[in-house]
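Would you mind keeping the following structure in view while I ask a few things?
Residue numbering begins at 1 within each chain, and the chains themselves are lettered A, B and C in the order written.
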């Protein structure tokens, strides 16, 4: 018997399957090119389209809080002080940071802070460490301070991508996750965020993952009672940078 | 366990469920709570029915061009150096994954909740690999696993039938010494599973939507377990029903919003992730990325009146509104797909012989159809199954069948019906009946029939054992008689014949 | 007056066999509101008991008989006291779509037929039938009427305009009463559990009267109540709208400031 594994990415396996279901459906294959999907309405694009930027921000804050995310607004100049105070207040002993370039930190005035955040143990997620070392660091961390791209008003969501400086484990394994998002990243809807990522991809962005994160992990599996903090972070903070 | 969860006959399961008061109260409470959350979330979005039109259009379009989209998707997974296997049935699917796990020398397999992996009986297959461990990471699935692989009873809330005390006792076996507070129980699982996660080498997830134009997998979860499952293990298998595909992230995004609002009354699930094989420079995520696309009977619905059931996005709203599910809970259906969705899907995937009772476990109230975010005409399809069973397969040979055939004859002939109207009142003397008007005013002017001999068929007993029936009116007092007398007869404006007239 | 709407009465088999008062009340209300009524003799039944049980072929003759009977009178409208059966009749057009003779006839029938309260409110444009009933009521709204026919507001508007009525909302009004046609007899355990819940919710309202739009649901609910000693009165909406009527109170929507409430309410379920 030949191994089933050989049939993966095998033309016969695919063609037989697709021909069989096309036959079952009684429809020819390869008709899609003449009938691309054309949405019958524009609701996803119209969502919150009539809101001013201030209104959008207020909606974003309200929706973020409703998913138990903590929302903090600060100008860039105050980020470092805020983060130091926050780490102190939460008794953070293991901090995880992304391996940002100096420019990326400096955009938020955080270069100095990132070198000296005032926490006993600081680890940096980086492709210079092994996969296992990074994951262990993330697992140890009681706070990760990472970079988000967009803040979505309609759903109270912050989006993040996977990159060498900030991997998947960075966002999921620490006990607390804080995401820094520029106010310029405020978008109306998941549709707008998807559109922006599509644009970036067309311009060369390469990532394996787009994460849409809305608050801390949670579950209603036990008697449908909401519990916060299951596998992912138990607390989630959006730090919105007012002047970036 | 495959799609079937029980070998007991339907009626036995129903009776067992009737006795399970905790379960029934839990289901009722859950339905009522979800009713409020779901309706609020949908209202808040605005234009809900137009969103449904869009969602329906997306799903119908994809089904119409399914082979083309699957081809595009497979090409794009291969471009990321991923692997795609098309499995025509359950055996192919789970054997493939087993071979893969053996080839990769998997030791610690971690899974995140997925209906399709339950459907293809994956857990049992993987546990048969010597030396391999397997843990379900979704809180509910973990609870079921630790309770000796108990059956799920809901597609979104698989442990709806369990209470916090049962869960506490279960966890005590794993070393839990806390109270029965769900928050504490969940934290215990977080710690317990985290240790396992950190050494997991083989991850398995389902797939909410596969993105045809970039080969990504879209996953919606609240716990974050699917994402950790996609982060840590070096080998990753995604199992997807072949219909779970969309053209691009734009359509996925629409469905993600509707899914979360419909399933749990949230705007979006906490984690809504588009992901795939690890890319150059990235540190974690799967080096080895495999997608198994499963038919397992779905193609039997393609091109038939049942095709719309493949539009389903597994939100569970139909079971959350179903008055029968409210009474039976999930287990009664004997299928991993319970409720209205299951009544339509189970006979297609598992066959009519096994699931012939399910389409009849429905009062056709249409609450499911009304709530379904992708506009599947569920109650209509349930009735279509009945038609297949009765007219297509002649599956009922009971007395009920005979009676209904008689009713069929009686209702097609004005003559027979006229005789029935004359006969009904005297005929009801055959049964014992009370001449005094019954106590519920307005319904029992002629008295009631309250006892029928044991020998009459179940079709009648089913009613009369718990409910009274009014006695038919005397012919002289019936409506038609009254109508004739109530005013001077006026010539009805008769239509001249235009064809038809079946009874002339 | 010859601009009186001519209304063909679709009586339904339950009214013919068991509930003459509902039929009488419906006819009296319609005539009072200015309609001329006619009752075709050859009508029997809409065919739901068999069709919904899966006997599609066996139901075709029933459908065709009903089409012939209801179209035998040249009426402007066809009106019946049950949303469920009215919807079944509307479905004929789809079921018989390929029948060259009955397809078009079924379509014609579908266009003419209306449920009673819907007809009064949406076709005649009447908001107050002039009735009076000094009682606290609660309403079972019926699933096919609300979801298949899509009429969830007309009966409530009409009932709320009956003088003296106090309507208390029914908890979990959206849940089926467990009738479901032959379902109630084929799955008696489930059906009984459902009607038990429904009756509990009804009794909890402490209403004097349960009002419904569907004789079948009412028969189910009252059958359970009667057996178990929950003795409140049960009325069909036609009987309520025909109760202690003062014709001078009859009011058209256009003569009030009230908006026409859409059949589907707010449309989110």
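Everything below uses one rule, namely that contacts are C-beta pairs under 8 Å (C-beta built on N, C-alpha and C of every residue); 3 or more make two chains touch, one makes a residue touch a chain.
All values derive from a computational prediction rather than experimental measurement.
Comparing the centres of all chains, each the average of its CA atoms, the largest separation from chain A belongs to C. The central chain of the assembly on a C-alpha centroid basis is B.
Chain geometry summary: the mean Cα position of chain A and that of chain B are 31 Å apart.
For the pair chain A and chain C, the distance between C-alpha centroids works out to 53 Å.
Counting partner chains per residue, chain B shows two or more touched chains at no residue at all.
Residues 26, 29-30, 33-34, 45, 47, 50-51, 53-54, 57-58, 61, 63-71, 74, 78, 80, 83-86, 88, 92, 95-96, 99-100, 103, 137-140, 143, 157-160, 162-164, 167, 182-183, 185-187, 189-190, 193-194, 197-198, 214, 216, 222-225, 227-228, 230-232, 242, 247, 249-251, 253-254, 256-257, 264, 266-285, 290, 293, 295, 299-300, 302-303, 307 of chain B are the ones that touch chain A when the two sit in their complex. Of all the residues in chain B, the ones that touch chain C in their complex are 11, 14-15, 18, 32, 35, 39, 42-43, 48-49, 321, 323-324, 326-328, 359-367, 369-371, 383, 385-391, 396, 400, 404-405, 407-408, 410-414, 417, 420-421, 424, 438-445, 448, 450, 458-463, 465-470, 472-473, 477-480, 482-483, 486-487, 490, 492-495, 498-504. For chain C in complex with chain B, the touching residues are 6, 9, 11, 13, 15-24, 27, 31, 36-45, 47, 49-59, 61-62, 64-65, 67-69, 71-75, 101-102, 105, 143-144, 147-148, 172, 174-176, 178-195, 197, 218-220, 222-227, 229-235, 239, 266-269. Looking at the complex, you find that chain A touches chain B at residues 3-5, 7-9, 13-14, 16-22, 24-27, 29-33, 35-37, 39-41, 43-44, 47, 63, 67, 125-127, 129, 131, 134-136, 139, 154-157, 162-164, 167-169, 171-173, 190-191, 194-195, 197-198, 201, 206-225, 227-234.
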